[in-house]
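Below is one structure, written out as structure tokens, with a few remarks after it.
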Amino acid sequence: MANTPTPIGGKYENKDIVSLDQFSSKDINILFKKVGLMKRIANKAKKSEILKGNIVALIFYEPSTRTFSSFSAAIKRLGGETIDLRDLERVSSVAKGESLKDTVRTLEAYCDALVIRHPEKGTAELTSEYIEIPVINAGDGTGEHPTQALLDLYTINEQRGALGGLTGLMVGDMLNGRTVHSLIRGLSKFKNNTVYLLSPKELRLSVSDREDFQKRGIRLIEIFSENEIPRNAHFWYWTRVQKERFKNLNTYNRVKNRFILNPDLIDKYAGKKTIFMHPLPRVLEIAEEVDKDPRAMYFRHQLKNGMYVRMALLGLVLGRLK
Amino acid sequence: MANTPTPIGGKYENKDIVSLDQFSSKDINILFKKVGLMKRIANKAKKSEILKGNIVALIFYEPSTRTFSSFSAAIKRLGGETIDLRDLERVSSVAKGESLKDTVRTLEAYCDALVIRHPEKGTAELTSEYIEIPVINAGDGTGEHPTQALLDLYTINEQRGALGGLTGLMVGDMLNGRTVHSLIRGLSKFKNNTVYLLSPKELRLSVSDREDFQKRGIRLIEIFSENEIPRNAHFWYWTRVQKERFKNLNTYNRVKNRFILNPDLIDKYAGKKTIFMHPLPRVLEIAEEVDKDPRAMYFRHQLKNGMYVRMALLGLVLGRLK
Amino acid sequence: MANTPTPIGGKYENKDIVSLDQFSSKDINILFKKVGLMKRIANKAKKSEILKGNIVALIFYEPSTRTFSSFSAAIKRLGGETIDLRDLERVSSVAKGESLKDTVRTLEAYCDALVIRHPEKGTAELTSEYIEIPVINAGDGTGEHPTQALLDLYTINEQRGALGGLTGLMVGDMLNGRTVHSLIRGLSKFKNNTVYLLSPKELRLSVSDREDFQKRGIRLIEIFSENEIPRNAHFWYWTRVQKERFKNLNTYNRVKNRFILNPDLIDKYAGKKTIFMHPLPRVLEIAEEVDKDPRAMYFRHQLKNGMYVRMALLGLVLGRLK
């Protein structure tokens, strides 16, 4: 029984950001319009004062390099401060048996917003019910990772000039992959999108997710073999099969490297403008030689866009960007 | 053989803050007079420059969410910076066999003040003897936690209009509870205070603590059953029975939930203005439904007051608040 | 097959700092000329804006108190910000199997420079090849620790008035000690230096290091007994025998405390102006009573000089100090 999070409805100030479902295409455009300014701020290495006086708690119950660093840099580039709580079982009162609810209510007293990553689906939304300062979901288990989807959409729009009328390919773990789920939600808000989902049969979309997504007006086509990859798609979105989501390591070992993005596959199916995306971290599912291909977006564009999008989002949610 | 720490004597600059024993009632009033300004700074989300250019080391040898975050926010809201050293056995030279003495002498070279939490009683005072920059005790095992007691006193004064002539109730682990010990020391500085101490017999005050406190002019009444709770006390101060202080888990399990703050107990013994306090983290010793009671101070007032009191204390100790 | 890192050649901006081999004596003098200004900034407790708007990643794969805190303070005292990644196996995507290469390429997207400590020799240089922002080596296993050597040289110059024509003594683990290796490289750049190397036979310089150093024009004399210590040397440089470098703990236990710096040894061999240095952490190899000797530099001068030298280096490398 999922709750319905509050729609943005054109007004970001004081909103929690827990799911892509809160965003209309118009909301996404409002956000993206602020990104240009964020880029200029970040690139002139001149600290902005947009978040001066704001403190944001970064509370991470799961490992993270990218999302943690990206939020931290976004806040600091705008002149704000962070309080970092990582590795929580060791360094915090969680070690003394404190509940998540009490932990976040405590941080609410000191901070102006809270960014949370947690291994359990639904935790970000629960957190947003416990406290009144804005909560931003930085990944909740197999649930969602809305800022990742927003940066992915931003990158697609930047590179392909539109967010509708696209044909895409998503590869990897469709069952557990939260970045995939959030991106499908995002693409559903724009017209005439078709996405091919390539995964081992063991990792296909769950029935409930498939039904949920189909209602949204996006065309999803499940495929289970590389032969079925459509030629010349607008984007390829590769993902890691996440070891930490498997209870049975044998299953993991059987499926982990089924589909590898490599020059052969690119030659067979990609077009000249097909962009190659990945939320990172990547383990073995993209051959390193692909990194140099100008169509590869994962190091060159997605990372920086992630920082810019998070800067814009924080500025809006904290009411400091109008 | 306890040392006597230096009294504040009306002058905070460059003082170590290791024990409530250093404070006279006048010193406490000097501190509390600065808190109003701190509140205004924190609430306008406009970073102050009071601690601009100051770096404070937060060195935590024990887990902490609240105290760590509260000090961190206090410093940052005043424009200062922190160097965070947590989980020290893993990430620092303690892992290479370095002594506490050498570790803090090292930090002294880089920082302007040092906040320390440590599992062993007396460590904060020892630290203050090793180095010349101000040292603030953020909890030393079963010893003291002076900034907790100061925020507790501030909250009592704010809510009940005085710090003398009070009747209070303290519940939980009187043997090991450092927050209780510090608060008793604090209340002893004001006239005509009576505190009932409710604990399992196994966790009553030690003989030496009882003798020490009795000399200070506070009236302490030990009770071992809820029936003996005085009606209509000015404040109730509940505490967690701290698992980490027990060598024998059987003892812990026998005593941990002996006394629970719940609506029944409140109906029987509390008055309309009795305030309910807890230093947090709370595990099961306060029923969650009490959280909504307007007399419950632990989330609504104690946390924020803690940040304000720490802001004022740091500003004074670092000589930046006059 | 060691690569040759790029020489500074009088121009610090955008250079990686991985080895003392990059520095000429002139480069070292350029750096040291900036240190006075850094001292004045740090001591007036007035935050500089020299690094305002810069974010530096501190990525530590090994425990560190001193180097971590010193870099952190250096950056913050100049108005810059840090992103701290410590204990990486636990809190980052390294836990998900991400390569060092991908991790640092990620941080490059958010930060303006990267300071790295890693247990494997050569890692800092490898890192500098992966990314384009400046990389600073904060210790790479048994390899180098160039900022330590720079602060050591600064301290020798400050105390003894020159960096050439010196007679020194280095004691401890000559085989694995990276601070010793970096300092020998540094002293080689100046004329007429002689260094006595006192170590257990098991920990003497490797053949390849000895050959390498001999080519550089420094005179090295290996000794294996305290009786051979030269009288009245300009400096003594003691080091810890690093437990973490030993595969066999029996060997470690046999050699760890062979040579102890104590008042007896000082009386026998030191001169009135001989300075006593140590990179810290110290375990048992310097008797605590030596700490008070005015000739002991390790707490009084080396630590602070380390912060000043790192401030100057960061300002130069980031192009903000001219």
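Per-chain residue numbering starts at 1, and chain names A, B and C are given in the order in which the chains are listed.
One rule holds for everything that comes next: a contact is a pair of C-beta atoms (placed from the backbone, for glycine too) under 8 Å apart; a residue touches a chain by one contact, two chains touch by 3 or more.
Computed from a prediction, not measured in an experiment: that's the story for all the values here.
For the pair chain A and chain B, the fraction of shared interface numbers is less than half, so the two copies use mostly different residues to meet.
The rotation that brings the Cα trace of chain B onto that of chain C spans 120°, given to the nearest 5.
Centre to centre, using the average C-alpha position, chain A and chain B are separated by 40 Å.
The set of chain C residues that touch two or more partner chains comprises 84, 87, 90.
Interface of chain A with chain B (complex): residues 52-55, 57, 81, 83-85, 87, 90-98, 102-103, 105-107, 109-112. Those residues of chain B that touch chain A in the complex are listed here as 44-47, 60, 63-66, 68-70, 72-73, 76-77, 84, 86-87, 90, 240, 242-244, 280-283, 299, 303-304, 306-307.
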